[in-house]
Structures are given as C-alpha cells and as structure tokens.
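Before anything else, here is the set of structures, which you'll find just below.
Two complexes follow with subunit A in common, the first pairing it with subunit B and the second with subunit C.
For the complex of A and B:
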C-alpha cells in the first residue's frame, strides 16, 4: 500500500559548538537512503525548518573550513538543496536578528535548483501540523 | 585586578558575568559568543555589551559563522585573532576566566 511519511526537522540552535543542528541535515538527507528499506509506493519526505537561533545555520560565507578544517552547516544546507529537500527559514526570526535575505546560503553554487524559502512562522506551523513526525535539533 | 573574560555562549545560562567587577575588565566574545557582537535582536544590541569593559571578538569564530568585522553592531568591539588573544591573556591581564 502506498504510504508517504512526512518528517519535519526543526532546527533551533546555532550551527557550531553542538553537533545537534548538523545531525538534522545529515539525518534529513539520509532519510532518502532509507528508501532501500521501504516497500514499493512508500516514501519518506523530509523538510528542514530553521527557527530561533537556528536561522544562523543558513547564513552564507561560513568559513569554518578555512579556520578549523571543518565543513560548515552552510555546506550541509547547500547539499540538502542539491538533493531537492525543502528548506524553510522563519522570516520573523531572521528579521529579529537583522539578517537579510541576501545573506542566506545559495545552493546554486553546487548546481541546486531548490532555494531556501523564507516564510512566516505561521507557514512553519502549518508544516508542523501537516507532518507525521517532528524532530527537534 | 585585571580580569579577562571569554564568553562563548549565544544564550547565557550564568549570572556571573553581570556581577563581575575589576579594575580593568576585558571581554572576549568567542565561539557562539560572537552572536552578541553581530546581532541586534529586535533592534536592540545584546545586554552583554552594556557592561563597562573593553570588548573583543575572535575573528576566526566570527568568519566561521559567516560574519565579518563589517557586521559588528558597535565600534567599541575590536576584532582580534588568536595571536591577539594570546597577548591579552599573557601580557595584559592578571587572570582570565571562561564563562
């Protein structure tokens, strides 16, 4: 029987110091590989949403590789966009922190067609209501 | 006492910082503490910056998070590298604490 499982990965923490937000991206991306364990017609649909200090994850030009030799969460967001994951960012939380839309990570550098969607929290609320599982990071 | 403080949390869970007093006080914003230097939440700069102190921000941690010296919300915050941090610790203060 066809079944779609929707998962919302809610990222609330800033990108560095805790592995927590990074796990959201890697888990969301890995959910696609879970398809090998699914029956025909079954599908996992992950969505990433940044709220609160989680919006710092999608600020562009993160130079973590230059200074510490590590992949930044900006890279992970770009990869998520590359594999067509939906990435939502809370408009109010961006504005509260003075981060403009032109400061956000751009997946097109890696060839992604998807872009980050800046949406009001009410849209993220709708995603929370529509999803089967909510995972907080 | 000449005291240096490294503040590395974006969301503070301690109250020590508010109580600190020193003849010379320097605050180094490092790690996630750099968000106090670049964010104006709802138009207001972080209360961390209201303390009477010399403020520094670690450039490596600023840039690692996608920000530059041009994003600092107050000109009293001076960007420094690890070498500058070593000078602060070794030459300019009696003690350094990490909150």
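For the complex of A and C:
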C-alpha cells in the first residue's frame, strides 16, 4: 500500500558528547536513497527538530575538524538543508542557553535554499502531533 | 498479524537496553508478528561474531540465532559497524548489513516502529 511517511527526528542530545545527534542527521538524510527499498508511491519525509541541549548541534563555527579531524554536526545540518530537509530549532531552548539566531549554521555557502527555522516549542509540538513517527535521539 | 520494526542504538555491554529489545522481538515473534531488528551506533556490537557467554555480561547470540531461525530479520548499520572495526568477515551469521535507508524503508512499511535510543 502506497504510503507517505512523515518522521520527526527529535534531537535532545548535544554534539560531541553523544553519537546520537549525528545518527539523527545521517538517518534523516538517508531518506534520499530509501527509495531503493520502497515500493512505488511510498516515500519517507523527515523533519529534524532540535530541543534542549540538542540546539547546540546547529551552532555555527564549530571547530571539530580543526581539533579532531572530524565533521561537526554543523556540517551535517548544512547538508540536511542542502537536500531540502526541514530543520526546526526551539526558540526557548536557544534563549535559555544564550544562543542568538545569528549564531546558527547556514547552508547557503553550500548552495542550500532552506534555512534553519527558529520556532517556539508550541510549533514543534504541533509537528509532533502531525507526524506519523517520532524518533528521539 | 502485523509487521514490527525495532531500531536499537544501545550497546550490548554497558546496559540492558539491547537485552530488552531482543526479548521484545522474541515476544512479538512468539505472538506471530513479522519482526525486523535494526542495530545502529553502539547497537552494532550485537552484530560482531564470536561473542562469548559470561555471567557478568549480556549474551544475546543464542537467542538471536533462535529468532533468526523463526524468521526474525537482523540488520546492522554498515557504516556504524565499519567505524567500530566490525567488518563483513566479522559479522555474526544471523546479521545482514545495510545502510540507513533500509531502516527508513522498514519504518515506512511496518505497522509499528519501536525506536530505542542509544547512550
């Protein structure tokens, strides 16, 4: 049966300390190639939402490559934007951590048309209610 | 009967989340459901061959073999396994290896998905 599946990747963990946020990005981006396993009419539509300490994943100017030779989650969010994934960030959790919107990752240098959407938690809650599946990372 | 996919990201050693996940898979299979198990992140530890049974550590190889014989499909994230040095030749015989798109497709095609997070 044809099915368009909406998934919400809810990221609560900070980068570096946990592998989980990276796995959220890589799993969400795998939606681009999932069609090789899907039947005609089936589609996976992921949305990423950063809440709690998860908002640290989208801070710009991360230096993980410089210090550890590793891709930062900033790189992953840029790639997610490049492939037109919706990325939501909780406004209240940014404010609680003193992170202003101008400090967030930007995918435009890679040619992304999408930008990170800073939204109140009530909007993320609506997304949670509207989605078919919520995957917590 | 339904189709159930369990995605589990927790390690074999260090907690009992993976133990719980596999016992959940057994309970679902025993009820007659089709069950798929996706391991990613530290969960790929379960896909490593040569696990030995000690009483101080979780040991799930035997139950996985029994479940595979009943039709439960076990798949490990190839990239997560390779990153940990678990190569194709190191893979436990009941496991297949795929990329993450396999899991997303199973999420789409299953009646229920239980996503059990990692450390």
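Just so it is clear, the second predicted complex is superposed on the first by the 135 of 137 C-alpha atoms of A that agree within 3 Å, B and C clash if a C-alpha of one lies under 4 Å from a C-alpha of the other, contacts with A are read in each partner's own complex, and residues count from 1 in each chain.
Here is the rule we go by: contacts are C-beta pairs under 8 Å (C-beta built on N, C-alpha and C of every residue); 3 or more make two chains touch, one makes a residue touch a chain.
Because the structure is a prediction, the values reported are computed rather than measured.
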Fit-or-clash call for subunit B and subunit C when the two complexes are aligned on subunit A: fit
Superposition-derived comparison: subunit B or subunit C, residues of subunit A touched: C
Partner chain(s) touched by A:5 [first = subunit B, second = subunit C, both, neither]: second
Touched partner set for A:16, first subunit B, second subunit C, both or neither: first
First, second, both or neither for A:67, with subunit B first and subunit C second: first
Partner chain in contact with A:82 - subunit B first, subunit C second, else both or neither: neither
Subunit B versus subunit C as contact partner of A:128, first or second or both or neither: neither
Vertex subunit A; arms to subunit B and subunit C (CA centroids, nearest 10 degrees): 90
Subunit B versus subunit C as contact partner of A:119, first or second or both or neither: neither
Contacts of A:59 with subunit B and subunit C, given as first, second, both or neither: first
Contacts of A:137 with subunit B and subunit C, given as first, second, both or neither: second
Shortest CA-CA distance between subunit B and subunit C [superposed frame, angstrom]: 14
Contact footprint of subunit A on subunit B as seen in their complex: 8, 10-11, 31-32, 35, 39-42, 60-61, 63-67
Residues of subunit C defined as touching subunit A within the complex: 7, 9, 40-42, 79-80, 99-109, 113, 115, 117-119
Of all residues in subunit A, those that touch subunit C in their complex: 3, 5, 7, 18-20, 23, 26-27, 30-39, 42-44, 46, 133, 135-137
Complex contacts: residues of subunit A adjacent to subunit B: 14-17, 53, 56, 59-64, 66-68, 72, 74, 96-98, 103
